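Order as written gives the chain letters A, B and C; numbering starts at 1 within each chain.
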Amino acid sequence: MKRRIMLAIPILIIYLIPLSAYGATDQCYTCHSALEDKESKLFAEDIHFKKGISCSGCHGGDNTTEDNDAAMNKEKGFIGVPKGNKITEVCARCHASEKMMKSFGSKLPVNQFDNLINSVHGKTSTAGGGRIVQCTTCHTAHGIKSVKDPLSPVYATNIPKTCSKCHADANYMRTYNPTLAVDQYTQYLTSVHGKLNSTGDPKPAQCASCHGSHDIKPVKDIKSKVYPVNLPYTCSGCHSNKEYMAQYKIPTDQFEKYARSVHGQALLVKNDPGAPACNSCHGNHGAAPPGIESISKVCGTCHALNEELFSASPHKAAFDRKGYPECETCHGNHEIITATNKLLGVDKDGVCIRCHGDQNSSGYKSAYIMRKLIDSLDETKQSAMILINEAEQKGMEITEAKFKLRDINQVKLEARTQVHTFDPAKFKDIVGKGLVISRDATADAKVAIHEYYFRRVGLGVSVFLISLLAFGLFLYLRRIEKK
Amino acid sequence: MSENLQSRRSFITSILTLGAAGLSASIIYPIIKYLTPPKQREVEVTNVSAGKLNDMENDSYKIVRFGNKPVILIKTDKGDLKALSAQCTHLDCTVQYKKSEGVIWCACHNGKYDLNGRNISGPPPRPLDPYLVKIKGDEIFISKKV
Amino acid sequence: MKKYFAQTYKWIDERLDLTSLGHFIEKKYVPIHAHSIWYYFGGVSLFFFLIQVLTGILLLFYYKGSADLAFESIQFIMSKVQFGWLIRSIHAWAANLFILSVFIHMFSVFFEKSYRKPRELTWVTGVFLFFMTLAFGFSGYLLPWNKLAFFATKVGTDIAGNIPIIGDVMKGFLRGGDDVTGATLSRFFGFHVALFPGIFTILLVIHIIMVQRQGMSEPLDIESSPNAEKKSMPFFPNFMLRDLLLWLIVLNVLAILAVFFPADLGEKADPFSSAPAGIKPEWYFLFMFQTLKYIPAKIFIMDGELLGIVLFGLAGLLWVLVPFWDTQSSKGLRNRKINYIGLFAVAFIIVLTILGWIS
């Protein structure tokens, strides 16, 4: 009980000081508003003013006296206009203290200060003497509004503009990172997010949605929300939220599907930062679904040969004419799984039959032949592998054949790429190469296995000769013991 | 009688001689074979011959077997020799030298490496491991970097 | 031809007195009786030892005793070196048969009570040779550095660590550290190819010299029967040729086993992987391992495993000292108790080995 009272006293005092200062006795505001200076005008709209905080709350000094010298006496804690890191420290006096924030009835988090100094913006500025970004850089000084206030520079629809003040300024940005692009804002305006944002919709992603606000890290920092491995989770924060996305009428299962895809597995499970994340196909600042005719180009940034072959094939023109989304037509989009032989061909799992249903059409025949070819390559490879394993288990030397297995794999990859020519003749050439190699490997393995069984012949000869010697000894013994 | 004994004796002697010869052969042959240096001299392959220097044109490459792994040997347009692991660090495809761009290229996912093996574009997460190239007479040798 | 042989013989004889050695061999006779067959097992054990020395030296040419390369070098021997598979398979099979034949040799001597006066010391050296073969088996088993061997060694050295007073020191000494690592492998390699063969050879020479000095022991009832009824055959050439005949048969069996059931290699040891389920030692340690499993964790205030180890230690000690507490046999009296003890030991070993095998 006693402790509670003890705690309550300072809280009460903190409460009472501003309350008593409010209006009637806040001499700073009284004089400065009489002077009609810019600061006091702005401050009238400031959330801090509305909460009863006096000028002296930040600038120090005595707000109860009319005497200029007494009010702005350094001995009474007057600090004038804070400069550099002092600015943020002044804000942090309250904003980093849970107790203080509570006393004003605020539920704002109190880790902004820590977040800021650890963020990329918390580094020392080129001018020296302070951090790159202080609280006031984004929140302004005397007219600070609540984040929820549409007039605040950090309100969702104002953020892009606010960030671009520096980030679109090539001269300024060059002083920090000469290689960093400065066109993010321009790009953003072309994105689906940016377009909606500029209509005044605060929900679509803006800078802070993906990069964070106080805790912004460089993209290469593994803690960054836009580090490749973290990015899908960041995007899915909104895109997987049914309720949030409801009004935009787009699906919300992209993340789920992506996580199952070969790309998602590589990125999220194997943690391969080279694997494509959402932005690899959709862009980041200019995020939008790729246009139907550019899909192969987008996929082609990694799958270069496939794109080249596809674009040169008759399918490109046909797909464009029909409005089929190129690669996506056969492979899907978010849920791209590793392509298997099944995809190729005219049975019910095959994708070719979807268009080439007529058994007499050349498309049907080509698909049928190509599937047969790749299947036969798989079969010969499989049988070669079984034999090689058997030979290896038997302790035979077959590194040569094992090395050939690698080549078969290589051919298989090549063949699967060549599928995109949709030309059975070219396909057959490649597969033929693989068939020859796997036949060689099979032959090697068979020789090795034969050699293993041949050991038994050698054993037979030796055992016979040794037994003969034993028999001779036996006869000899009998002879000498007869005597 | 004595003649019979005589032939019996020589029969036993011949069996014993043949058997003893067989026994010695059965023991000595495997041992001699065992002691003959095997094709691969040591447990770990540390050195591999990659052919004659003059057989390789400038600005060309070849894939050389190094134990169980492929190594890409490149002779640059200036005649320098470079040897790097030929296994793409992305998904283990075998890489090739792309003359037109002067880079090492992986056809599977468009991964590119410079001639020092550094991954410069595409999905490869790591550089290619370098191997040492040594020239003895006019023969090229590739060895593991220690 | 014969002339040259005679000359060479004369040359050596003049210097080394081969003739007296010849006289000695000529006078050496081997008794013939119902139990003569047991005489052969000493010779067979010797043959296995010779095979182990030969194949062991050959393996040393390619084996590398380090954790990085041990497994790979055996793989290399098995697949890249010509007949490497044969040499290793024979070494592995001969090791097992060696231990089996030593077991048989030892128990036959025990049941015949051949350890009685004046052969007490022959017995003692023999039992030590037996312990050495087990040590050979234990140390050699680790050398391929595969998963099974790794964990078997871990368990084995753990048990050694439970020996009272000296246990911890011994475990550390065996492992070359706190855990089974590459250091253990180096150590075991040293034991297996240098230390043990040295000790074994010295003991073996003493053992064989004693056997030669004392001649073949006869079973009690035959010893006491009148000389006229005794049968015997000359050691040279009759018994020696028989020995040789048996060696050839053994060699054939070995070759067949090595070709049809080559030694496998398994997976490389990984100190960080978890132990495979049902890890068991080699068959010759199985009876001890199984017994320790059956002993409850606590007996009164004593630790069960500790008690087991102490009991096995005592049993081993008593086994070494048999000739000294079996005073009756030395006086030429029948001692049935010894037979019962022996039968119990054999039954115990067989039953627990089977139990361990099927569990």
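Here, a residue touches a chain if its C-beta (ideal position, glycine included) is under 8 Å from a C-beta of that chain, and two chains touch if they have at least 3 such contacts.
What you see is a predicted model, and the numbers here were worked out from it, not measured in a lab.
**Student:** Look at all chain centres (mean of CA atoms) and spot the one farthest from the centre of subunit C.
**Tutor:** With centres defined by C-alpha atoms, farthest from subunit C sits A.
**Student:** State the pair with the higher C-beta contact count; candidates are A-C and A-B.
**Tutor:** A-B
**Student:** Relative to the centroid of every protein C-alpha atom displayed, which chain's own C-alpha centroid is closest?
**Tutor:** Central by C-alpha mean position: chain B.
**Student:** Per the centroid of Cα atoms for each chain, what is the distance between subunit A and subunit B, given in Å?
**Tutor:** Each chain's C-alpha centroid was found; their separation is 41 Å.
**Student:** Using CA atom averages as chain centres, what separation in Å is found between subunit A and subunit C?
**Tutor:** Chain centroid spacing, subunit A to subunit C, equals 64 Å.
**Student:** If I count partner chains per residue in subunit B, which residues reach a count of at least 2?
**Tutor:** 23, 26, 40
**Student:** Quick check on subunit C: which residues sit in contact with 2+ other chains?
**Tutor:** 80, 86, 248, 255
**Student:** Which residues belonging to subunit A are in contact with no fewer than two other chains?
**Tutor:** Correct list: 462, 466, 469-470, 473, 476.
**Student:** Which residues of subunit B touch subunit A once you look at their complex with the stated criterion?
**Tutor:** Going by the criterion above, the answer is residues 8-9, 11-12, 15-16, 18-23, 25-26, 40, 65, 67-68, 70, 90, 93-94, 107-110, 122-125.
**Student:** Mind listing the subunit A positions that touch subunit B in their complex?
**Tutor:** So the residues of subunit A in touch with subunit B come to 272-276, 300-305, 399, 402-403, 406, 410, 413-414, 417, 461-462, 464-466, 468-473, 475-476, 479.
**Student:** Quick check on the complex: what are the subunit C residues that touch subunit B?
**Tutor:** Listed in rising order, the residues are 58, 61-62, 64, 69, 72-73, 75-76, 80-84, 86-87, 248, 255.
**Student:** Which residues, counting only subunit B, touch subunit C once they are in their complex?
**Tutor:** 23, 26, 30-31, 33-36, 38-40, 42-44
**Student:** If we count contacts the way the header does, which residues on subunit C are in touch with subunit A in the complex?
**Tutor:** 78-80, 85-86, 233, 237-238, 241-242, 244-245, 248-249, 251-252, 255-256, 259-260, 262
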